[in-house]
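Next come two complexes, and both contain chain A; in the first it sits with chain B, in the second with chain C.
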Partner chain A sequence: MIWQFDFLILALGVICALASISLKDLLSAAIVFGAYSFLMCLLWTEMGAVDVAFTEAAVGAGVSTVFFLAAVFHTSRIVQPRRRGRMLHKLVGLAAATGIGILLISATADFPNWANPNSPASTHLSPFYITETIPLTGVPNIVTSVLADFRGFDTMFETAVIFVAGLAVVSILGRYGRRLRDYEPSPVGEDVAHQSPIIQAACRIFVPFMQLFALYVVAHGHHSPGGGFQGGVILGASFILVAISYDLRVMQRRLQERRAMLFSSLGVLIYSGIGALCLLMGANFLDYSILHTILPATSPIMARSHGMLGVEVGVALTVMSIMVIIYVNVASYGKSDRGL
Partner chain B sequence: MISPEQYPVLIVVIPLLSAFLISILGGMDKRFCYPATLLALGGSLAAAVATLCLVADHGIIHYRMGGWAPPFGIEYVVDYLNALVLVVVVFVAFMAAIASKVSVEEELPHKIPQFYTLFVLLTTGLLGMTITGDAFNLYVLMEIAALTNYALIAMGRKRALMASFNYVVIGTMGACFYLLGVGHLYIMTGSLNMADILNILPHLYGTNAILVAAILMLMGAWIKMAFFPMHGWLPNAYTYAPSATSSLVAPLMTKVSVYIMIRVMFSVLGAVYVFKVLPVKELIVWLATAAIIAGSLFALAQKDFKKMLTYLIVAEVGYMVGGVWLATAQGITGAILHIVNDAVMTLCLFLFAAIVVHKTKGHQLSNLQGLFKKMPITMAAFAVGALSMIGVPPTAGFFSKWYLILGGIDAGQWQFVVALLFSSLVNAVLFFRIFEIAYYEPESAQHGHGESVAIDEAPLSMLLPLVVVAITIILLGLYSGEIVTTFIQHAVPAGI
Partner chain C sequence: MEILLAKYNYWIYVALMMIGIYGMIAKTNLMKKIIGMSIFQTAIIVFYVSIGAKKGATIPIIEHGHGAAHAAVRVADYVNPLPHVLMLTAIVVGVGTLGVALAIAMSIYKEYGSLEEDEILERLE
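This part shows the complex of A and B:
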């Protein structure tokens, strides 16, 4: 921990946060917000939370910036000035924010110091996780074992949250199944001038490596930072990259929106299905150790490790397809046409 | 066969798995969605009732997710309080699902699979929030319930989008407050398990961090339940939502949030802390009083039937919050009983509203003209719900209000008692005005008096749940003594 470095990151983060809420140009605001996410990612790496930093880099600085850009593209780039000055609203907002800020700062006085080994968080549950993870689950990455086994039930619902987010976008914007009566040409002309051969060639070279890396992240989540969420986002991002460098149609030839919807349900179904399988075999829900009776050549402990791999695959499938679904719907305003 | 120890988890797992199956199979053939939804919620209801019986016979049930002992893993705890709330939640969802068939086909013909997937997931979220014994798991399920809720509301007509967006902004702040509160508790105690936190907290009661955690968690619950003056998002969101959505969320969202408030107060922070250490209980009863009076007055001013009902919800939230913070056994009993009763009463009124929207294509008060002659059974069932809202014995609403009034007298909080009586009076005015419109005013001015009107009842799939709910209201009233002695009196914390 180098406090000068942390201080610099934190200061830059605050500047980015303030800039992104005060910029009138939404495109710049989205980009500055991406920078903010990246600074947060650095801060988390500094704290040693590499898995979280990885997710923040992939989701916060990566795809969510693309989603914001697509949304800005279809709505308005410049914030419209309000005609009536709402001084009262602003004052009430300022007072509420200040009040909560004072509350939060007043609480920090009671907190243990940063990285204090005697803090409750380090002494209460952590020793158990640190000493027992390998004997009980056979997984070297403690974060993965906490995320996918000890608290795997939370992670199952987190995956369901991602699924719901995609489904919500589809149910609000999506028009498949409906006649495209109000079909209008997309804002950017359909001319080929936007299709740069350099970008396309770069994309063609880039995508296979991205996908390979994503699969590595999913499969190697037990041993190193990473796992289903990060791998799924990178996989989804590879499809989004195709959609940006070519257009949505080209991407949809590889992964149709309907099929993505199917995959997204399937992913969460794999996760909850593994849980339910344990239940049907007589153990508690998500108690993977019982799976050793059907998995060949495993002990109850290795069965936990394999069970985690199974659910991580489910997570990756859902996250990948939902990233694609959200991008397709936001970028094409629900029409699934050529997109941006 | 599945052993009884697994019943608690089945309440959540059955609808969870079914939601994804509905999404997959419903995408292929949308006729599959409705029966699958009924099966899922029916299965969950059976598991919830079985769990309720287990709790009544053997006491509190603990269930370890993944076989890990708490506080290392997540546990489900079914005690006398949430066993009851679980049955209410899934019963309401089941009835709302039965009634949804016609209105979904009519209002959302292109989005049937999405609707039912979200509907079942929303129910899963509410059930998961109710059953869990882990403070962070509660937050995850809160996210599920909230996101599905935003989407289900936004599926309504034009104004629903804006209403839903307001709800997204405010609701996210509520969830964020709750999460920050849990974060503070984790930093201070190192645990996320509710029972574990409750054990560790007493030696930290004096610290500022715990005070902030308590404020944040309670604020989160209050925003989520639309406690006055944080109710701004509710009326429009529930008014412009599709009928089938409002029949599910209007009775449940606020009630489950009240349950969460009670859970946070008694099972995380501890009754001693919230009533003895925090010097705020009188202030909050005053706020609840304001909620009841403001909600009732706003309801009086409405011309839109559905919007009037939404303001009544704001008033009812005041009943329950006030009842809990009276800090007397009677008041807390009344508040918990009112969670049960109000969920069923509100369901009755919103099922009726769905029928009105289906039959007359609108939800203004003027749409109710002449309905007594056209739909006698529907109106009779609605009348039961309305009388229960007013608090006429032997309907359920009377008994919970009775406990609340007794609690108010015990605590010497007379302003709360006055507000309860005032709200009953306003409800009487409102509902008798509706009876008058529906009974005396002919459908339109052109029709002459004495003209016979053909009976035009609601479709069976909407009528049946409404009648069942009306009968339930009367049964809940008749058996309220048993409910209190078997369940609620064990849920009231000792020594207050």
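This part shows the complex of A and C:
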């Protein structure tokens, strides 16, 4: 933790946040917001939160910028000035922001000093997880072991929340397009060729490596930063890259929206199914150690490690397909035909 | 100077949060409100992650491998992983809610032909 480095990133972050709030052009605002997300990712790496930084690099700086661009593309790009009551509106906003800000800053007087190793948060609960993760689960990455095992019940519902978010996007935007049931991918016409061949060639080379890396991130999340969420977002981003550099229909020949919907529910089913399997075998819900009786050549400790891999695969499936579904719907206004 | 070095991080997080709140209240464009909401969200995430930071500690992955000695794990050597776990899922759920927010904004644009709050209110009447 080098405070000069910290301060530089935070100052740049504040500048980017102010710029993306005040820019009149929404396209530039979205790009600056992507830069802001990337600065946050650097900040988290610097604080030692590698898994969070990895997620933010994939999600904040990558996928959510693309979502913003797709939404701005289909709506208006320039912010119109407010017709009346502008000053009042700004004053109310400023007053609320400064008021809450002063209250929060005065509350920081009670906080422990920044990065103090003896702060209450670091002395009461967390030492248990740091010392016991290897003896209890055999997984060196503490974030993965807490995420998928100690706190697995919560992560299961987080996965369900992502699934529900995808359903919500489909049901909000789907009524402007055709019904999913009637969907047939239309033949790819010659209008695909309007994209630059350099971009298409680069995409063709990139995508296999991206997907291979995503699978590595999912499977190796026990030993290095990564896991189901990060790997799933990278997998989804590889499909989104195909959709951007070619056409939405080219991507849909690889992964139809209907099939993505099936995959997303399959992911939640894998996660809860592993939990229910533990329950059926006589242990608690999501207590993977009982699985050593059916997995060959494992001890109860290794079974917990393998159980985590199973649920991470489920998480990755859901996250990947929901990212693809949100992009397809936002980029085509629910029609899922052409895209940007 | 000492208190400044110990607390300035928190103050900048508050500043980021207030930029988000200002965007959500004072901006009339719906996309700007969504950007403000996302900035507010990252400010809270950065606050949580910073709770887990420890001076002189490394990333929360226990040293392992064939060469590594199986010494006892010292808690002070690893940053607190619990805020990381909470915030990791919050980021991914955040992109889900961002997608829903964008879908609602696009739906409003289709119905009212504008993303400006005052124009939408006029057309509602």
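Everything that follows uses one rule, which is that the second predicted complex is superposed on the first by the 315 of 340 C-alpha atoms of A that agree within 3 Å, B and C clash if a C-alpha of one lies under 4 Å from a C-alpha of the other, contacts with A are read in each partner's own complex, and residues count from 1 in each chain.
Going forward, contacts are C-beta pairs under 8 Å (C-beta built on N, C-alpha and C of every residue); 3 or more make two chains touch, one makes a residue touch a chain.
The model shown is predicted, which means the values in this text are computed figures rather than measured ones.
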- Message: Once both complexes are superposed via chain A, do chain B and chain C end up clashing or fitting?
- Response: fit
- For A:Ser289, is the partner it touches chain B (first), chain C (second), both, or none of the two (neither)? first
- Mind working out whether A:Ala29 is in touch with chain B, chain C, both or neither, as first, second, both or neither? second
- Message: Looking only at chain A, is it chain B or chain C that touches more of its residues?
- Response: C
- Task: For A:Leu279, decide between first (touching chain B), second (touching chain C), both and neither.
- Result: first
- So, A:Ala49: does it touch chain B (first), chain C (second), both, or neither? second
- Message: Just checking: does A:Val79 make contact with chain B only, chain C only, both, or neither of them? Give me first, second, both or neither.
- Response: second
- Give one of first, second, both or neither to describe whether A:Pro208 is in contact with chain B, with chain C, with both, or with none. neither
- Item | Nearest Cα pair across chain B and chain C, whole Å | 6
- Touching both chain C and chain B, counted on chain A across the two superposed complexes: 104, 108-109, 111, 119, 121-122, 125-126, 129, 151, 154, 158, 161, 164-165, 168, 172
- Message: For the complex, give me every residue of chain A touching chain B.
- Response: 103-104, 106-112, 119-126, 128-129, 149-154, 157-158, 160-161, 163-165, 167-168, 170-172, 174-175, 177-178, 258, 261-262, 264-266, 268-269, 272-273, 275-276, 279-280, 282-289
- Message: Which residues of chain A touch chain C once you look at their complex with the stated criterion?
- Response: 1, 3, 6-7, 10-11, 13-14, 17-18, 20-21, 26, 29-30, 33, 36-37, 40, 43-44, 47-52, 55-56, 59-60, 63-64, 67-68, 70-72, 74-76, 79-80, 82-85, 89-90, 92-94, 96-98, 100-101, 104-105, 108-109, 111, 113-117, 119, 121-122, 125-127, 129-131, 133-134, 140-143, 146-147, 151, 154-155, 158, 161-162, 164-166, 168-169, 172-173, 176, 223-225, 229, 233, 319, 322-323, 326, 329-330, 333
- Query: Residues of chain C touching chain A in their complex?
  - Reply: 5-12, 14-23, 25-29, 31-32, 34-36, 38-39, 42, 45-46, 49-64, 72-73, 75-76, 78-85, 87-89, 91-100, 102-107, 109-110, 114-119
- Task: State the interface residues of chain B toward chain A in the complex, per the touch definition above.
- Result: 2-3, 6, 9, 13, 16-17, 20-21, 23-24, 27, 63-68, 71-74, 110-111, 114-115, 117-118, 121, 124, 128, 134, 136-137, 140-141, 143-144, 147-148, 150-151, 154-155, 161, 180, 184, 186-191, 200, 207-213, 215-216
